[in-house]
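We call the chains A, B, C and D, going by the order they appear; numbering starts again at 1 in every chain.
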C-alpha cells in the first residue's frame, strides 16, 4: 500500500526523473501529498517520519562505511601504499567485511564497570550524530528539517557528543580510558568556542541562522570569497577547531594510541567499538558538511562573475553533487592534516585554542561585523 | 609591540612549516606512480629473490639423483643450535670395502637461525641455500626435513 | 585543566600508577614501564626488563667463536652488522690477525649502511610515537632500499651474519657498489622530506624542544653514549676515539650538540645519517681488490687472556669483553650494550614531564629491547 | 489521538520517569546521565511547541554545558565504585512529603489558570526579533539583565581562577594553562 502510494506520487511528477537531482522539493512534495491524500494526518506524519528515519539510517551507514574506506585509501596513497585491495574491486568492500566482523565479535563485559553507562555511551554519540545529520541541507529541497535557527541547532546538538565520550571513559573503569575522556572533554569544550565564533562570523555575513537561507545567500558568491579575509580566516579556524572537535588528526589526544593505547574506547569491543568508530567518521562528515554549507556555498554551483557560459556549465552539475563534492574536499583536507602532522600535547592543544584561535577569532568577528556594517563585502 | 610582532611571526612560521609538510604528503597522494606496495601472493610468478637469499638449507641433487654429501658431520658440528643431524650408515662397496655414507641428513627448519655456517664450512659444498621463503605449515613436524632425497647417492669423485 | 587533575586525583590518592607495557604501542617491544603519575605528570618510572631475556652471554660460553656471531645479530637487531664486527674485531685482536684493507673497507661501508637503516627506522617509529603515522611508512620505504642491498650481498635483511672472524662470509655482490651509490643518491634526494614532515614541523618542535633535557655531566655519569649522549655534548664516538676498521682513513664530523633535549637527540640521528653517507661516499669507490677473508684455522682457539673491543653501534658504545681459557669456547663473554645503559637515564630526565613527553623522551633514546635484555 | 498528543505524552512520561530515576539512583554519574535525559526531553517539548530557539538554548546550556560540567566534576572527584548509602526512612518520608506538597501547590496553581485553547498554529519565532530584543534598551529589552548576568559570570570566572590558583603555581617544567 505504502509502496503504491509512493509510486503513484512518483508517477505524478511532471519532470523527467533525472531532474530530481536539481530540485528535490518536487519529489518530497509529491510524496507528502500522496500520503496525505490517502491516509489520516497522524499516519501520514508517522510514515513520513519512518521513511526519513530509514533513509537516514541507510545514509548514516553508507557514509560511515564509505568514509572509513576513503580514509584508508587516502592514507595509503599518501604513504605510498595501496591500502585495502583484497575484497571487492580495489578493496572497496573491505569496510563491509570489517563491519560484519565487528558485528559478530564478542562484547567483552568489563569487571566493575558501570554496565548501564558503559552501554549507554555509544548510543549517545550515535544519536547526537543523527540529530545533526537531520538538519543539514544536502541539495535543493533535500532537507529533513529546515529550522529557523538551523546552525545554532547544529552547534547545540553537537555539543552533547562529548557526554558520550566522558561517560564511556568513566564507566570503563580503566585509567587509560579516564585520562582519554578527561582530555577529550577539555578539548571539545574549549574548541566549541572557536567553532561557535567562526560560525558567528558567517552568521553575521549571512544575516540568518537558517541553513537554507545561508545557502541561498551564497547564490551570488560563496561566503569564503564574499567575506574576503575575515571569512577565509574563519574558514581556517573552523577547520582547525572542527578537526579538534572530532578528536581527529593532530588533535587525537583522547585516543592517542602511542600514549593511551586507545583512550576512551580502550575497553570497548565488537559493535560498541564500531559505534564510536563510525561516530568519529560521521562527526568528520558533519564538520565538513557544515564547512561546505557555511563557507563554500552548500549545494550552490561555482559561479564566476559574468562568465555566462562557464556559469551555465557549472549549473549543469546537480546541486546534490556540488554539496558532496565540497564536503569531500573538506574531508580530504582534514584527512591530510591527520596523515601529515604529529600529535599535539594536551597543554599545547589548549594553548592553541586559548592563546591563538580564540583571540584571533574574536577580532575576526569584530572585523566581519564592521565589514558588514560598512557594506564592504561583495 | 615587540611581543605582538613575535606573536604573529610565530603564527606565520608555524603555519608555514605545516604547509611544507602538507605539500609533501599532498604530492604523494597525487602521484600513484610512487606506490611501493608489492601485491605479494599475486606477484608470486615474477617475484625473484636475490640469489644469496637465505631461504632454507637444501642439498642440491643432480639429474641422476646424486648429491655431494659425504656424511662427514662438519655441518652438524658447526651448527650453533643443533639444527642439523647427520645419520650415517656403513655400506659395503662393490670392491668389498666398508664405507660410511649418509643415511639421513636431517634439517630442522624450525630451529635454524640462518647463520650460514653449515653451508660455508661444508668441505664438499654439498649444502646450499634455496630462495624458498614460504615456510608456513600447519604441522610442526613438517619443519623437520630430510635433505637427501630417497635413493640418492654420493656423486662420483666427491670424497 | 591540568591543575585540576593534579589536585583532585582519582580516588583521592596523590599518585597513581599505570603499567606501560609489556604490551604498549610505544615501548617498541616488551619493555614494561611502571609509571607513577600525578594527574598527567610523570613522577617516577620504574623499568621492568627481562621479558625477552635469552641469556646470550651465557649461551656464548658453550659455543665456538664463529658461532657467537649469529647471536650478536639478535641483540641489537638494528645494528646487527656492527655487533658482528665487534666480536670479530675482538677475536682478530686476540689472534693478532692482520686484516686486509678490502675487508676493513667493506666492513665500514656495511656498518654505516646499518647505521643509516637503523636511524631510518628510528625516524619512522619516532614519527609514529609522536602521532605522525605517515613518517613510519616513509621511513620504512627508504629503509627497504638498504635492506635490499644487504639482502643481495649478505643473504639476510636484518639478521645479516655477514662478518666472521677473519673477514666476511661472502664477497660483496657485483652490484653492491652500484646499488649503494644509487641508494645514496636517492636518499640525499628524499632526506629533505624528513625535515619537511617532522624536523621542521612546528608541532613536533614544540613537543620536543626543551623536553627531557640531559645535562653533559649527567650524560657522562650515567654513561649515555651514542647519538643520545652526543646530543648533550658528550664526545663519545668510538669511531673517532678508537678508530677501528677503516674509520681512521675517512673524514667525518662527530655530530655534537650541547642542548641535550629530545629534539637534539632526534636531530643528532638525522645528522648522523648525513655523516654516514659522507663516509660511504669516501669509501665506496676505493674498495681494493683482494680476498674477502683471511684463512683461519678450522677451529679457532683464543690464547688464554682477556680481550676487549669497543665499537660504535647506531645507539651507542657496544663493548665486547672476552675471557678465554685457551679453549675453543670462551670462558666468559660480556657485552656492554648501549641500550641497557641508556634506559637507566629515563627516570632521571622524564620526571615532572607529562605522559606524552615520556613517550617523546623514551622514543628519542631509541631503545631496542632485545639489546636491553640480551 | 494526534501525533502531537502522542509525542507530548511520550516526552512528559520521559521527564517524569527520568526525574524519579535521577533522585533515586545511588550512583552519582548515573544521576547525571538521567538528568541529561530529563533536560533532553524538556527540549523535546520546546521543539514540539516550535519554540526552537528555546529548545536549542536548553540543549547548549543545560545538556551541553551544565551536564558536561557536572559530569566533569564527578569524573574528577569520584571513583566508579562509589555508591550512595540508602537514605534513612525518616528523611525519605519528609522529602516525599515536601515533594508532594510542592506538587499539590503547582497543580493547584495550574488548575487555577484557565487555559484558553488557541486556534492559531504555532509560529516560529523570528531570530532577528530575539536578537533585537536581547540587545534593546526598551521596556521589554533584555540588555540590562544580559549585562548583569555577564558581570555575574565574569565574577564567577575570576573566583574560579582564584580558587584554582590557591595551590600555588604548578611545579612543572612545562607551561600549564592558567
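Throughout what follows, a residue touches a chain if its C-beta (ideal position, glycine included) is under 8 Å from a C-beta of that chain, and two chains touch if they have at least 3 such contacts.
Every value quoted in this text rests on a predicted model; they were computed, and no experiment measured them.
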Graph separation of chain A and chain D (steps between touching chains): 1
Most centrally placed chain, judged by C-alpha centres: A
Chain separated most widely from chain D, comparing mean CA positions: B
Where chain B and chain D are represented by their mean Cα positions, the distance between them in whole Å: 69
Interchain centroid distance [CA atoms averaged], chain A/chain C, Å: 46
Inter-chain centre distance, chain A versus chain B - centres from mean C-alpha coordinates, in Å: 51
Length of the line joining the C-alpha centres of chain C and chain D, rounded to whole Å: 59
Residues of chain D touching at least two other chains: 76, 174, 176-177
Where chain B touches two or more other chains at once, by residue number: 18, 21, 24-25, 36
Sites on chain A at which at least two other chains make contact: 78-81, 178, 182, 339-341, 345, 347, 350
Chain A - residues contacting chain B, complex: 74, 76-82, 85, 336-337, 339-341, 356
Contacting residues of chain B [partner chain A, same complex]: 11, 18, 21-22, 24-26, 28-29, 32, 34-37, 39
Residues of chain B touching chain C in the complex: 13-15, 17-18, 20-21, 23-25, 36, 50, 52-54, 78, 80, 113-117, 120-121, 129
Chain D - residues contacting chain A, complex: 1-3, 6, 27, 29-30, 33, 36, 52-53, 55-57, 59-60, 63-65, 67-68, 71-72, 74-76, 80-81, 124-127, 174-177
Contacting residues of chain C [partner chain A, same complex]: 1-2, 5, 10, 16, 18, 24-26, 40, 127-138, 141, 197-198, 201, 203-204, 206-207, 354-357, 359
